[in-house]
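Look for chain A in each of the two complexes below; its partner is chain B in the first and chain C in the second.
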Partner chain A sequence: METLYAIFRRDLLNLGRKGSFVFSATVFPLALVGLLGLLNEGLFGMAMTGWDVCAVNIMVYMAVYSSMIATNSFMERAVKATNLRVLFTPVPLAALYLGKILATTIFCASGYFVDLVVLSLLGIHLGPGLGMGLAPLVVTLTLASTSIGVLLCCLVKDEPTANRILSLVVNIAAALGGVFFSMESLGGTAAAVAGFSPFTWLREAVFRFVWDGQAMGTAVAAAGSLLVAGAAVLGCRATFKSEDYA
Partner chain B sequence: MNALLHVERIRKSFGATAAVADLSFEVREGEIFCLLGPNGAGKSTSIAMIASVLPPDSGAIRFRGRPVARRSPAYLRQLGVVPQDIALYGILSARDNLDFFASLYGLKDGEKRRRVDEALGFAGLEDRAGDKVETFSGGMKRRLNIACALCHHPSLLIMDEPTVGIDPQSRNHILESVRALRDAGTTVIYTSHYMEEVEAIGDRILIMDHGTRVAEGTSEALKESLGDVRRCRIELDGSEPFPAESLYRVAGVTSVSQDGALLEVESVRGVENLDAIIRAVTAARGKLLGVTNVEPSLEQVFLRLTGRSLRD
Partner chain C sequence: MSCFSAFFLNLVRRVRAAGGEYAVYGALLIGVAQIALFVALPGEGRLRVAVEGQQASASRLLAGVPSVTVTHPRSAPGRADIALGRLDAVVEVAPDGSAGVTLARSGAVAATVTGLLRGAGEAVQPAPADTAAGTAAIPAGVPATGPVHAAAAPATGPVRGPAPARGPASTLMGIWLMFLLTVGALCGRFAAQDRERRMLGRLSATPATPGFYLAANGIATFLLCFVPALLTVLVEGALRGDGVGLPAAAWVLVLGCTAALAAAFSLLVDTLLPDEDQAVMVAGMATLFTTLLSGSFIAPAAQGRILRAVSTVMPQRAIMELTGRLESGDAAIGAPLGIVAAVIAGFCLAAYLVTVSRLRRGKW
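Entry: the complex of A and B
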């Protein structure tokens, strides 16, 4: 546990010292909400505004997008040499990928918490406690996402390839799930396809929580995310080999 | 000296290519054991297998007589590995890098601080301990790269090409430090493709090529294996082909080769024929610019055994 903590702490500090990651976890979601909020400002009703809808969409999207920061911190060329050096020490192999998963999750989720509070203070409705009611879902969703990112690195053994795959899958699923524009407006077939995207389910669950106070959907989503994270970690255990770094 | 590490017929292939093929050797306690070979000879792959990062396809590794289980913590605690690439966190200070890697070996509190200070002293970086590594010169990074493998006082230090791309001053510092470590009782495996380094520090040398052992022994023994041959190099006044037959008439001359304006003449050791060689060259060419006696080297041993140069 001590070595896992040492690796986690080091990974967390490394993430925090990299400007591009800090930007991705804090400013980027706000900028996306700003951009899409302006474009959708008049498209929704007075009670639930375009800003409210976009904020929920983007925060769900960003939590899932965290997988790409995880791949970067796990197998990017610049960190591979130091990770290999860690493998020369007597730490368990699992400490390496668990450290990355936990550090990326804490780092990204912390940034998203700040965003939730900022957006709430700006008058966007994100539920009780300045949006912090969504914290459990944000954390578990981010955990599932970072675990999948690291698992994909273990499988393809290459960070750029893992990122290309993730980027494609996440963005297609997000588009189909109505994150960037409403699929319903494209007709019945598009709306039916949207029903298959996890983003649709996640958005539905969050909207029910934020607007109707129904926590069942977010609780199920959080529990499902934990299961996905657990499965991904087991996958990492089965597929990660020290020679992947050699 | 007792054998600390036994490597027995280890083999590793990547696809159809055998990077290491049935390589065996032993490393004795308290020696500097060098693996010498050109790039691609299989040195780093061998090191990765010894360091438990890469599993061998076959063969065995024994440490202090006991078989090494894959990634055995007890075994890894005895090793210090200096990777070929600089493996440091550039945004951290030298002290923080040492502190982090020391903590992975279970060092704590006062003991860790003492070992970190000691490692900083080893690297000659006491006055830069708090500076970020990204501000360091290549030589300073190389020294810190080594120091990070030393905090836990390993019994076997494995150094994979630790002097690549650094200035002569830093290289000398590193070579002297390696000797000092050996003198203090640390066993060292040192890989390099620089024969000068290996000749300077190696107690025993294993020459590798294409994943296999070409020769093994002390530097002197390896050079003696060249046989009773003496070489001299003559610098000609021009690079036109030299009529070699005129030199073959000189008593003791066994081989003549020309590379541009340089003529290399091999003779049987013990036959005093240098005057006659010079006379033959001046008779054929009228003038020569210089004559050098070529000492036997590991480069020549490698050339003799593999038919190619270490730098090919």
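Entry: the complex of A and C
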């Protein structure tokens, strides 16, 4: 446990030192909300504003996007070299990937919490407690996402490849799930396609919580995310080989 | 020229060595195209209104309106249904038979539905032909949130119909464009890889010029993006029998512009940024941002004045215009082609200048 904590602390420090990661977890979501909010401003205005809708969409997107930061922190060339040294010390193998998963989750979720508070203070409706009602879902979703990112690294054994595949898959699922534009408003066929994207399920759960006060959807989504994270960690355990780092 | 062919053959070998990865990109491109075309099937172009309460009377009022689809939800619809785009308005019918809009996406939608309920409302206007969605003007003085009783809100602008007004080619490119550019940026990171592997120092000691090196990288990236995309639309067009909205030559032009833009952008990002990871991350973010801004997903008509002005110079916007004009048979394609060509030339020139500058400073 002490070893895991030491690796986790070091990983967290490394993440905080890299400007592009800090940008991705804090400024990038706000910039995306700003851009999409401006684009959608005229489409809403009574039941809710375009900004409210975009803020939810982007925060869900960013929680899933964390997988790309996880792949970077797990197998980036500079990190790989130091990890290789750790592997030759009496440290359990699991500490390596668990440390990365936990550090990336805490790092990203902290950034998203700041974003939720900033957006709430700007007048965007994100639920009770300055958007902190969404905190459990954000944490569990980020945990699931980072676990999948690390698992993909274990499977393809190459960070740039894992990153590129994840980038495409996440963006495709997000577009089909209505993050960038409403697929469901395009008619029955598009709505049927959108129903297959996890982003649709997540957005519905969050909208029902934020706007209709129904917490059941977010609770189910959080529980599902925990299950996915657990399965991904088991997958890491089965596929992570120390020789992949050589 | 022999330097160019040597570079190019080396890139072909590298692509073959990582064949599985490129196969994944190709499969994802084909998958997105299939979904985009599936979505592009004729839509209904209607406002979706949920009616609660004495449903029969409201249904009678709205049944004859061709621009409205009436639904009768089992449970009370919430604001989440509006946010998700499933409903545009909710109408509640009181026991005395009077009907009112209790929830609406925007003031214009509420006013339109109220007018329809009174039997004197204006008809819903379709979205502009070059857009996936039109716009809804918000009447002044309408509160941003809270339940709406729409009687006081006059309709001041066209109301967006929910169905796609684009043809199949424009709908395909609207959804496909971002992924084509992303795939181009992901495939074309050869220069960044070479720099990380410290290959460029060695290359600088050969008679090869930066121009040949960049040209080989650019053409390899272009082909990796262009060939699978073109094959997809040609096969799909043959299967559907309509060419997916455009003849083959027009698709060559549209996809050629897109692939060339992706290759030029990839060259620029690869030469500017210090390593492959940052190149991939920055390329992904920039592609997402600029594509959203260009109106590929969200119609330019829905943008404000400043955003519309910015998006006018976006190459993605020019590609969408080019596609739309070719699809509608408009021969005036010089302006969008010019914008795309200028941007591609600018990216290539910048990549070349950065590389030459590095070479002079001994930092290949």
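Just so it is clear, the second predicted complex is superposed on the first by the 244 of 246 C-alpha atoms of A that agree within 3 Å, B and C clash if a C-alpha of one lies under 4 Å from a C-alpha of the other, contacts with A are read in each partner's own complex, and residues count from 1 in each chain.
By definition in this document, a residue touches a chain if its C-beta (ideal position, glycine included) is under 8 Å from a C-beta of that chain, and two chains touch if they have at least 3 such contacts.
All values derive from a computational prediction rather than experimental measurement.
Trainee: A:38 contacts which: chain B (first), chain C (second), both, neither?
Mentor: Second partner only.
Trainee: Between chain B and chain C, whom does A:163 touch in the aligned arrangement: first, second, both, or neither?
Mentor: Only chain C; A:163 stays clear of chain B.
Trainee: Does chain C touch more residues of chain A than chain B does, or is it the other way round?
Mentor: Counting residues of chain A touched by each partner, the higher count goes to C.
Trainee: Touching A:3, do we find chain B (first), chain C (second), both, or neither?
Mentor: Touch status of A:3: first partner only.
Trainee: So, does A:93 touch the first partner chain B, the second partner chain C, both, or neither?
Mentor: first
Trainee: List the residues of chain A that touch chain B in one complex and chain C in the other.
Mentor: none
Trainee: Residue numbers of chain A touching chain B in their complex, please.
Mentor: The contact residues of chain A facing chain B are 2-3, 6-7, 10, 14, 17, 81-82, 84-91, 93, 242-243, 245-246.
Trainee: Flag every residue of chain C that touches chain A in the complex, lowest number first.
Mentor: Spelled out, the residues of chain C in touch with chain A are 18, 21, 24-25, 28, 31-32, 35, 38-39, 41, 43-44, 78-80, 82-86, 103-107, 109-110, 132-133, 135-138, 142-146, 148, 160, 162-164, 175, 178-179, 182-183, 186, 189, 196, 276-278, 280-281, 284-285, 288-289, 292-293, 297-298, 302-304, 307.
Trainee: Which residues of chain A touch chain C in their complex?
Mentor: On the chain A side, the touching residues are 20, 24, 28, 31-32, 35-36, 38-49, 52-53, 56, 68, 72, 76-77, 125, 159-161, 163-165, 167-169, 171-172, 175-176, 178, 180-191, 193, 200, 203-204, 207-208, 210-212, 214.
Trainee: Could you list, by residue number, the parts of chain B that touch chain A in their complex?
Mentor: 48, 51-55, 71, 73-74, 76-77, 79, 81, 83, 85-89, 91, 100-101, 103-106, 148-149
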